[in-house]
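Chains: A, B, C and D, in written order; residue numbering restarts at 1 for each.
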Amino acid sequence: MATELGTKLEFMGEIVRVEPVMGDSVLTTFVAPDWAVRAAEPGQFVQILSRDPQSTDPLLRRPYSVYRTDISAGTMTVLVRPYGRGSAWLCEQPLGAVLDVMGPLGSPFAVRPRTERLLMVAGGVGAAPLLMLSEVAVRAGKQVTYLMGAQDAGTLLPASELPEEVEYVVATIDGSMGHTGFVTDLVPAYLGWADQVFSCGPEPMFRSLRDVVHRHRLGDRPDVQMAVERPMACGIGACLGCVVETRRGMRTACVDGPAFDMDELIWG
Amino acid sequence: MATELGTKLEFMGEIVRVEPVMGDSVLTTFVAPDWAVRAAEPGQFVQILSRDPQSTDPLLRRPYSVYRTDISAGTMTVLVRPYGRGSAWLCEQPLGAVLDVMGPLGSPFAVRPRTERLLMVAGGVGAAPLLMLSEVAVRAGKQVTYLMGAQDAGTLLPASELPEEVEYVVATIDGSMGHTGFVTDLVPAYLGWADQVFSCGPEPMFRSLRDVVHRHRLGDRPDVQMAVERPMACGIGACLGCVVETRRGMRTACVDGPAFDMDELIWG
Amino acid sequence: MGMTSTVPDVSVDLAPSNPRELVLRNPVIPASGCFGYGQEFAGAIDVQRLGAFVSKGITPEFRSGNPMLRIAETPSGMLNAIGLQNPGISRFIRKYPPMWATWEVPAIVNISAESVEDYEMMARRLDDVSGVAAIEVNISCPNINAGGFCFGWDARMSADVTRAVRRATTLPVIVKLSPGAVDVVEIAQAVEDAGADAVSLINTLVGMAIDVRKRAPVLANVTGGLSGPAVRPVALRMVWQVAGAVSIPVIGMGGISCVEDAIQFFMAGASAIQVGTAAFAQPKVLMELVDGIPAWLAANGYARLSDIVGVANPRYGTEPD
Amino acid sequence: MGMTSTVPDVSVDLAPSNPRELVLRNPVIPASGCFGYGQEFAGAIDVQRLGAFVSKGITPEFRSGNPMLRIAETPSGMLNAIGLQNPGISRFIRKYPPMWATWEVPAIVNISAESVEDYEMMARRLDDVSGVAAIEVNISCPNINAGGFCFGWDARMSADVTRAVRRATTLPVIVKLSPGAVDVVEIAQAVEDAGADAVSLINTLVGMAIDVRKRAPVLANVTGGLSGPAVRPVALRMVWQVAGAVSIPVIGMGGISCVEDAIQFFMAGASAIQVGTAAFAQPKVLMELVDGIPAWLAANGYARLSDIVGVANPRYGTEPD
């Protein structure tokens, strides 16, 4: 059951499914109000209160990309890797626990109307927003190639999570599945094919992707959107804590992002 | 399973039983190391960390009187009334959850060797230490009368919790069971009988008990021990936060108490 | 006590001695830097139901703010070093007050500067801007003419700023005190004497955090302002001290997260409260306060908010004889 | 980095310029007022494995302390107003140091007074007491000759106390700084110049809490000292500032609850750490620090603790050119 909280973005949602995935991560599915489920678009995120509500620590919500929505079931799913205090708490929440959620927040990935071929470049939990984008794109009849990198086969997103129509190509550091090496090694082969590239993963992956793209693409096509991570407080553009330096000045990851055009980003 | 923590007073104990009692309270039974179970005496307490260990809030442990120990099962039981943040958290802990416990702490009730007749005067969760004292006294072949007061029949300690040998007399404010009124109304009838009186309950009960005893007893017999409640930080006499003003100066509720001789207490 | 059947009166005038007055329907005010320019929260809560709100701190010129990282979480609190990112007073005046002029909720503009002259200039520019209900003067800023020593740590410098702002505007002037002063009461009295209509406190404490993996400060700015529940005991103590020592209204803030927290500040002597960090984690807290403060008063038999202001503070109001 | 196979050296001398020196096997020190007289924790932990410990603050005369309530919990912190309950210097000297003289762990005596003369008198009395390894001078006390203004908020008064104590004893002298000073660096430099062997910081921040049901302060003393994780960002910032400005050892404290917290303080420039409030909630934290600091160093490839002291503090040690 989802309970709304008299505000327009916060709701309480009961956890209805918890599935292990990608090694120690979990897919947590919770009930959400209809407006939230319908509003959520690929690249957006929710902010989840990751503590006992009676406690004031850890204080701030944690942002998680929307991994999947199910309008008929009235649910949303997030992919959570246990990392620090907030995510560990969230991963431990059992079936039936009720989460305090705010969202969906942020700007969706911008898929241009004429784009037909989407290339995804995913690292780690960066797989989450790209999974939703893939599903939506396939439903819209577009072609998707999904590249993913991980340490080993066990920490890759299972192919079964992706729509059948998606071409799924993987790289592992230890060579236990697919290409031995980094996901960005796979990218050059697809740069001519793709109309747009969408990427989410850790900072070093972004840097390596940028270098690969600069080296291999023709002009500024395809363009690359990178969904970046920033510590967030408010999630709604009020605190200016999550800014990203761009050619158009300081922009908020929570409202203007999380996805930015690679060519707009200023790399520190 | 109980895990010791390399220190001599702290241990981790898995919850093996959670029973509702006295309305909204619960009896929580957890595994404890053998030394802790054997050491615990009536009137002592344990300090329970009442938060997610990853959180720093609420920061301090909460003291709970030992309600019962079971040496063969290797368990301890506490009686918890949901009141504020810590107790609410504790009441919600399910079977299988593992508590971080410190204890047993404090001084036991002082039963004089020649005492044969013990009168208990309990209010609310003050029933807890007196339950254990009653069990131990009965096992030692002594006579026990247990007086308890509560708002209504539903918030009394069930008679089934007490050893059969105990005379259990109750008072309820709403008259739904036993005497209509306060538990202290029952006391005068037993003052001539009792060798010692043991009491635990809220501050107003203590004040009323003191007045009744002053009015009805002969000289300073029977003596009355009152197990008082003070907010505690360390529980081991180090912070001097929990002091009680007595004729012998400031004494710590956590080491010198929780039980003090009524005649020693200085009433503010 | 007993129950009152009417809805308690929670309105408050925060500038009783100013003809332009600052009357709020209720005492709940989002704090500066924590509520953007008012519109950011519009998707989350009913902004018009608030007592007022304070805008992000405005400076004489555009500022892009500090580089990343700007925020870090700490036990029951957070550090921020935003660096006063804002469009500057000119662009600000063109962009936001026209929108606010159509709103029901009063907008208070927070101003920051590094010289007395700049404070005065900003106050003058704001004086007759429609949509601006009051000015909050942030004196937790370095005074470049005093080697970067914070205005708010020195009574004379705090009074100088207040006097200059007072001269420049007839708008209600709230001076926001710094918790870094060795004696906050001295500063409060100095700004009262210099013409402040009200004081608000506290601004953030200065703190820091180190990333042990990077062996470097978490924040690009090294230090940041500590806010949130962690600082509440310090904030409440300062509000208590100041409320017992000045006769202008005191606006309390620092870690307020629920109705009971707010009541503590009122009982310490605050006439209104501001809420910052708590609304980041839970915007609904603002609505819970708007509804919950009158509900608490009613449940406890009070007819008006002013009945509890300072009740836990013996130094508040007339001395008992 | 890479792994070192030997156990890292975590010993530290906290009074390198004093012939009587203060060498600790490890940098973990329970803080004053949080560890009684050392024996209270004996049932919980192996006290002899600590680097040292600081006793409860001692005053010239017996003090019964404040009435109840003396403590209150706050978000990730606590308030205390114990009121320096202690037996007074004479009874103290008879009672505790003889026991400590038989212990392996060095005992540091914390002293508090309300006049320079009383500080000096206590230092003189302690000078040749066997079982006392060092004196920690708590200057967060009201100076009765200065209208109750806290010694530790004023550089001159802090230096006066330090000089008097220095005159009266050859024991290592640690001056414990107050976080209430407007500029803690100024105070630290003043006490360094006045002869302190080391500084420790921070003492508690002044806070309060109100019981809304009783409509009165929770603490009988109205205000109390705030400690625990809540204050850690403020403490770390002050340690960073002071460590960058003095050349004597800095002992950091304030909210330390785990190995990573301690590492933050070392990286800010602390040579040792004290732990107060966290050990109330979990005595085992002290043992986790004793074992965990060398383990952290080993895991991160450091051969000695001093390799990380100040590494996150560019102002620490020699300036880069």
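One rule holds in what follows: a residue touches a chain if its C-beta (ideal position, glycine included) is under 8 Å from a C-beta of that chain, and two chains touch if they have at least 3 such contacts.
Values in this document were obtained by computation on a predicted structure and should not be read as measured data.
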item: Chains contacting each of chain A and chain D, listed by label; value: B, C
item: Chain B and chain D, separation of their C-alpha mean positions in angstrom; value: 36
item: Chain centre separation (chain A, chain B; CA means) in Å; value: 52
item: Where chain A touches two or more other chains, by residue; value: 56-58
item: For chain C, residues that touch 2 or more chains besides their own; value: 75-77, 228-230
item: Arrangement of touching chains [line / ring / star / complete / other]; value: complete
item: Touching residues (chain side chain D, partner chain A) in the complex; value: 75-76, 229
item: Chain D contact footprint on chain A (complex, rising order); value: 56-57
item: Residues of chain C touching chain D in the complex; value: 74-77, 79, 153, 180-182, 205-210, 212, 215-217, 222-224, 226, 228-234, 236-237, 240, 255, 260, 263-264, 267-268, 308, 311-312
item: Residues of chain B touching chain A in the complex; value: 51-52, 54-58, 85, 88-89
item: Residues of chain C that touch chain A when the two form their complex; value: 33-36, 40-41, 43-45, 56, 64-65, 67-73, 75-78, 80, 82, 85, 228-230, 257, 277, 279-284, 287
